[in-house]
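I have placed the structure first, in the form of structure tokens, so that the comments after it can refer back to it.
Naming follows writing order (A, B, C, D, E, F and G), and every chain is counted from residue 1.
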Amino acid sequence: MFSVNFAIIFPFIIAALVPFLYRRIKFVHIGWFVMLVPITLFILLARLIPSVASGKTFFHTYNWIPSLDINFTTYLDGLSMIFGLLITGVGSLVILYSIFYLSTKESLQHFYSYLLLFMGAMLGVVFSDNLMVLYVFWELTSVSSFLLIAFWNHRKASRQGAQKAMLITVSGGVAMLVGFIMLHTMTGTFSVREIVLSIRDFTDHTLFLPTMILVLLGAFTKSAQFPFHIWLPDAMEAPTPVSAYLHSATMVKAGIYLVARFTPVFGGDQVWFWSVSVIGMMTMFWGSFNAVRQPDLKALLAYSTISQLGLIMSLLGLGSIALNIGYSADSIIYTQATFAALFHLINHSTFKGALFMVVGIVDHELGTRDIRRLGGLFTLMPFTFTIAVIGGLSMAGLPPFNGFLSKEMFFAATVQISNADVFSLQTFGVIFPIVAWIASIFTFVYCLIFIIKTFLGPAQPEKLDKPIHEAPVGMLISPLILCAFVVGIFFFPDLLGKYILQPSMASVYPTFGDPKELTPSIYAWHGFNAELMMTIGVIVIGALLYNQLKKWKPVYGLFSQKYTFNMLYNSMLSSTEKGSTIVTKGYMTGFLRDYLVYIFVFFIVTVGGFLFYSGAFSIDISTDASIRVYEAILVGVMAVAAVAMLFAKSRITATLLNGVLGYSIAIFFVIFRAPDLALTQLVVESVTTALFLLCFYFLPEWKRETSSSKTKLTNAIVSIGVGVVVMLVAFSVLNYEKFETISRYFENAYELAGGANIVNAILGDFRGFDTMLEVVVLFIAGLGIFTMIKLRAKKEDADIEN
Amino acid sequence: METLIIILIGILTAVATYLILSRNIIRVILGTAVFSHAVHLLILTMGGLKKGSVPLLKEADAPYTDALPQALILTAIVISFAVTAFILVLAYRAYQDLGSDDLHALRGTNDE
Amino acid sequence: MPAQFLLNLFIAFLWMVLQDEDELKITTFFSGFLVGIGIIFLMHRFFGTQFYLRRLISIIKLFFIFISELAASSVLISKQILSPKLKIKPGIFTYKTKLRGDWEITTLAMLLTLTPGSVVMEVNPEGDMFYIHAMDLEKSKADVLRSIGKFEKAIMEVTR
Amino acid sequence: MWKGGLLLNTSQIIELGAALLILLGSIMSVISAFGIIRLPDVYTRSHAATKSSTLAVLLSLSGAFVYFWVHEGFISVRLLLGIVFVFLTAPVAGHLITRAAYRSKVKLTDNSSDDALKEVLFPEDK
Amino acid sequence: MVEKILLTALALFAFSIAIALYRIIKGPSMPDRTVALDMIGVNLISSIAVISIVLKTKAFLEAILILGILAFISTIAISKYVERGVIVEHKSDN
Amino acid sequence: MRINDVILRTVTKIVVFIILTFGVYLFLSGHNTPGGGFIGGLVLASAFVLLYLSSDIESVQKSLPLDFKMVAAFGVLLATSTGFGSLLLGVPFLSQTFAYFDLPIFGKTELTTVTIFEAGVALAVVGVVVTIILSISEDE
Amino acid sequence: MNNIIVLPLILPIMVGVLLVFLRPYIRLQRIISLLTMIGVACISVYILNRIQTEGIMRLDFGGWKPPFGILFVADSFSALLVLTASVVTAICLIYAFSSIGERHERMFFYPFILFLVAGVNGSFLTGDLFNLFVCFEVMLLASYVLVTLGGEKAQLRESIKYVVINILSSWFFLVALAYLYGTVGTLNMAHISERVAEAGQGPLLTTVSILFLIVFSLKAGLLLFFWLPGSYSAPPTVIAALFGALLTKVGIYALFRTFTLIFYHEPSITHNLIGIMAGITLIVGCMGAVAYKDVRQIASYNVVIAVGFMLIGLAVGTQTSLEGSIYYIIHDMIAKAMLFLLVGTMIVLTGVTKFDQMSGLIRNYPLFSWMFFVVTCSLAGIPPLSGFVGKVLVGQGAIENGSYVLVALAFISSVVVLYSLLRIFLNSIFGETIISPEDELPLKKGLLIPIVLLGIGTISLGLEAEVLSSYVSDAANTLFNPSIYIDAVLSGNK
């Protein structure tokens, strides 16, 4: 049995091998070798179609991080089969196409590595049952897409496009990840199948709604839904095979896959219905509306893809309503939207793949994609023209092409949904058919633009760098195969319906009994009904609009460039950057004093604040030891000496005052019965003073502090605050009902450690380890000082590094 | 006595804080020195003052004053000596190479 | 002179052994040493040299001279400090000493400095001239010079 | 019985004497402290400081020595060594400070009568 | 009686220290301060001796000698600093 | 007039020996009276400091040709290896033992491994303090 | 006898001191120091595995039973950190061999590195709070020296700030220790925990705990990270890498230890405060990471972000989130070392510090460039690299605990991390190559190999997370159930 896990890993392995093979295989284009991968996988998958069609699913687990419930579990069912076939099928064709598109001068080893990486990742996304693993592959698609978009990374636009795509899709992915984690929190599992089975118990959970929104964010960003669509046009900087593969047929459909996959989880919910369908509709409209004004063929296709993805998305939204109503004879009608979605998904992949390849051919052969420089190609590029017509008309929703069938089903679904009596659709439902219809008109218009402005009308060879000529045969094979599907599906739709769509309907509606019920027969002709009227309307109005394009095009001027989402994205990035710079440099002043003030203020606020807020402060002087006169005088001496340090005019005075403090502390150590301390303090203080004097030789006399009085006042307040807080906590600690200290134990020092000096016994024995490390500290300091003095920057060294 | 010493600790701390906020590096270093004085007294005070005799077993009789804080302070004194020595040398090395002992002048060039 | 000292040690040891005690005691040794001092003092002429502890006696003498000078001038200085009005005229004067060698010069300078009212500020590079700061030049210069004389004599008794 | 009392009294008296010695020392110390305030220049002040306080320390250390001897029968070599040490070092300190003062051009008080060092050290200032 | 005398003496020593501190703060010259610091050292020596008596312990007698040593070393160091700016010379000129 | 340091140097000759003796005493007696490796080491170091103060680096170096960095390193090594010894003996790290011996001259004497440990500490302290002072002073 | 657990500290120290004697023999120094770190790594693997079978290991120094003596306690958490620290140091040493230069090597570079590691390992292992202070100081002193080593102007300038702020934090540490000793009268961490539990963590003890929070936050760079960006961008690359990998982790370790073992009774105050601090740290860290064009600054602010992230695990305080943080700490040690080595090498190769002044490095240094991409993805938590598991578990714990704001901040921060590093990648690695072939500096193998090793580390740690899982879950379990630690230390004195 062929393991799906292997199917996922296989491209990764080959991807890793490609750079090595590339070095070995000089005589033949490496693409031929690479192409074997998707073809093999496609054949392996295709052989499973009959079993899947009969309702069988394949499930396989490979332990990865079992202790965290993260396992490489794959699940092959109808839904994943569709995507698996698309990924491998379109993948094979795209690689074939790319063999002729990319010259051997390009760094092919990178290209095909990335492409295989992407393929594996994409297969991983659609076959993974474990959400974490799904996410792993999800992000890998973003990463590989990033690499592919930035393939010509010496171009600034490529890099920017790659960054935009990566940021938006990864951000969505991160949101989705949070959603997945929340699902795990609710259901206790990462397995989609198990979640589908148990989710009904959690629909009232507080996390249910946030989870749904987060998962949708992932889907919407990936599938370029409004307003996240902005990355897709910029992603057209990628080589055209990449656009044909990732940005029309596969990666952008990952979001569709996710929504379809999660329909059984969230499908019955009102928020799900409205957000998926409305966002889809908006995307569809906005995409088609904007496609019309694109002078760049590839950009036109990008917006068209956005629009078509919106269409599919909205259909999935509409279809989810069936889950709210529940399985009944009435609700089956609503599942047809989902059916249409899956159907159009396939259709779109076929015609859009072909169209991208057409643009690739034009670009490759003529060196431009700008419709203002093109026209009249049909005579010299007849095959290309044919492909363009087939693809374009299918996209426009005309017979005899597959796009017509799914477009009609789409209209039907919108009309039906406006009659549903849940979710206030009685009132608002009517917007669906209206928006669908308007969007389709624009779709029709840009399809005409695509075909007519490129291939018909007068040729403008003077605007081209190269003579007009037909593409090599190799480049035409792939789009022609896709066109064959475009036409073939129109004539034999039920074959697709039965073997491919029906099992996937079972995946979306697992609770809906026999999937056969959910699978309608698809007819090209279904009488004069609402959808056909709508289609006719689209053609008539569309043709009119195309004719009058020059007159109404200024309408686009109303949509100021300033307020596009693209500008929003750009200004968000740049203002984040600017704002961050201002804020960061605002507090990271480089002044030590400022940093210290932050730290002190934080100390005062948290420690002092909490001390009072919690009522922990207490003071009790009754248990104090007595005070002698001389002690009081010495305390006074220390206080005065300390304060005098602040006003000392010369550094040496201050140093001497510090010495006075040190000596006075020594005498307090005497008063407090700490002979060892007194000795140490005395020596250390003297040596320290000597060090100060030594260093003063190298340092200038200090000047008056010239800080502003405001700074000084702040410093004073902070200082007093710190002093007071330290003092108050000390009072409270002193008044705390103490535990017996562990020190009593050390009073047996003589028996235990053979020393009568307890302090020394502690230092040498009980806590000898501290002493040992303390010596190390001292040693490091000594050695470090030596190093600091002896090792100086070489004069000629720049101040940058090493 | 404890109260008095704690007030002294408060004063020393405040003075040290003010010093460490200065622009002149020597004042800052002196601030760190005063900080150590304050905390050494604090450790001793927190262990209790004059609560027993000198912690020498043959010298005096129990109860002994708490010896553990004394050992801790001893360690702390030596460490703060090491650190003070280091930063002093650092200060003059910085002055030699950067030509200033004013921390305002040692702000550093941020990029852009 | 070292011979005298060795002999003294020998006598002390002999004394200790003669005591025939169970263990050797440092106190016994010490008393033996004292006995030895007495014997040697009586017999030192046999060696043809001076009694080796004479120097010690000179040192003790010097010490007492110094203590009395110290006390006297302390009282003087205290009076001056405590008198309601300061009536002093300080100044620096020079003194050329007969003493030679680091130890002699140092001792003299230290004694002078310890005695209130005078501080040796500088010694010239040749080491025979003192620059002395006096608290009250007019009144106490004579006293100081008298002290210096006493000290010089006492020091030479020790060293020569 | 009373003999023991007398013995005790003797040592008490000696202890008292030691204490008085210390008191005297402390008084000397205060006097020299006054000197340090009242005297007009650093040179005269150094007289007060090095001398009087040397005496003060001599007195108090001797007092302590006597006290420990009498009270605990303990002859403290360290105290004796301390006295010796002070005597060894105090004059050197006084000498060095005044020399340093003069060489760093700290002025003598105005009513100084004579300055034999000036022509030797700073002939150019004449 | 003895203790009272000793405490009085201690107070007087402390008082002297306070006065010396005044001189340190006031200056005006560096040698003035050095003299005063030296004096503080000497008074501390006396104080430790007296405190030892009051506390009836010999534990601090080492401190007396140490303090003597250190006061000496500090004074030399400061004097040399005042006089020459450098306190440890490479090679003295004589 | 050149400075004549005769007084300082002469007195230092005596004083240094007093300090050195005292330092060794403090180091040895630390177990029962105030003192120990640290203090002993510090006092020894201050004796060296006094030497450098009263004389100059070159002359001290001539009569005392020691690399104090190495002294310090040796000290640290000594202090740590007493701990390491216990590793070999299979007792907890830094286990100290002590015993009393009757020695001819010193009488009943306590010998402990702590003494070795403390000797390391003292050497390290001396080495470091002198290294620091010399490093600074030798700087031009 | 558990003497083996002192080796991660004592071995580097003794070898470090020995190397002082071997000053002229640089090759020998290199070999010995590398062997030492490899040895320590092996030892810690052994320790880690013994803990799994025999439970927490403890070593009472001098044989003094707790709470009276000092002791080392090795649980899975500390052993894991010791292991990671040692491995990272060993790898960084290899980088140092061909980057640091003989001048530094002659000036005791290797001893200082070994002392630094000793301090770090000691901090991870000690069971005594005052000893923790001392171990901190060992580490800090070594870091002070290393940050100034070479004496460049920027180093001197920034190190003053670094040293002063750390002196201040050490001071706060001592103050906190004084207060704690004044209240509970003991220093042994397990014993403190027992006494705090016995007395109830009243307002005063909570106040003291906040002070400890400040102390360790200063070390960890939690909110109070002002010392960090400057001092991490001044020293030579390898030192910056070690700093980035190790220094903040010690503070983080201390926060985890104290606030799970000792002050865990008032989470509504302390852990919430940590949460707030972590949140703000994430925000300002993110701002810093996009504010600068200097690649080292960006790397430094990435350290800050990671600190915030790791502390969320503590703030949330569930076993899952603790587990996540532990994974993340291990990951971050490796990935941050790698990042700092990469940006440092970039600066060496190009001679400029800002990413917009570099371009197209991938042409000349492809493997190096891919390593940068790997670390970018790793730090952004992109699976299956090492940052992922920790990220997921922290998020999971936080969600279970209802800390949604922290979850949001944590996950948004990983996007910002991605953005900040992607900017470098796109501008410096990708793009037109501006260095002509003749100006191109060769990338020494000695610089590339350690980077690749770390890259392999971050990849395999992600792919083979299961290898760690039993250790990490044991570590989290011990943190979550303080009684395990306390029992191991205080009862059944071995």
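Keep this in mind: a residue touches a chain if its C-beta (ideal position, glycine included) is under 8 Å from a C-beta of that chain, and two chains touch if they have at least 3 such contacts.
None of the values given here were measured: they were computed from a predicted structure.
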Shortest walk length in steps over touching chains, chain A through to chain C: 2
Intersection of contact partners for chain C and chain F: D
Taking each chain's C-alpha mean as its centre, the one farthest from chain B: A
Distance-maximising chain from chain G - centres being C-alpha averages: C
Centre-most chain [mean C-alpha coordinates]: G
Chain centre separation in whole Å, for chain E relative to chain A (CA means): 70
Centroid spacing, where centroids are CA-atom means, of chain D and chain E in whole angstrom: 11
Intercentroid distance (Cα basis), chain C paired with chain B, Å: 45
Distance from the mean Cα position of chain F to that of chain E, given in whole angstrom: 25
Per-residue multi-chain contacts in chain G, two or more chains: 13, 17, 20, 61-62, 130, 134, 137, 141, 144-145, 148, 151, 153-154, 160, 164, 168, 175, 178-179, 181-182, 187, 230, 292, 353
Overlap residues in chain B, where contacts from two or more other chains coincide: 20, 25, 28, 42, 45-47, 53-54, 56-59, 68, 74-75, 78-79, 82-83, 85-86, 89-91, 93, 97, 103, 106, 108, 110, 112
Junction residues of chain E - those touching two or more other chains: 10, 13, 15, 30, 34, 55, 57-60, 62-63, 65-66, 69-70, 72-73, 76-78, 80, 83, 86-88, 94
Pairs of chains satisfying the touch condition: A-B, A-E, A-F, A-G, B-E, B-F, B-G, C-D, C-F, D-E, D-F, E-F, F-G
Of chain C, residues touching chain F in the complex: 102-103, 105-106, 109-110, 120, 122-125, 127
Chain E contact footprint on chain D (complex, rising order): 12, 15-16, 19-20, 22-23, 25-27, 29-30, 32-34, 36-37, 42, 45-46, 49-50, 53-54, 56-57, 60-61, 63-64, 67-68, 72, 74, 76, 78-79, 81-82, 85-86, 89-90, 92-93, 96-101, 103-104, 106
Chain A contact footprint on chain B (complex, rising order): 1-15, 17-28, 30, 33-34, 37-38, 40-42, 44-47, 49-59, 62, 64-68, 70-71, 73-75, 77-79, 81-86, 88-93, 95-97, 101-104, 106-108, 110, 112
Touching residues (chain side chain E, partner chain B) in the complex: 55-59
Touching residues on chain B, where the partner in the complex is chain G: 20, 25, 28, 32, 35-36, 39, 42-43, 45-47, 68-69, 72, 75-76, 79, 82-83, 86-87, 90-91, 93-94, 97-98, 103, 106, 108, 110-112
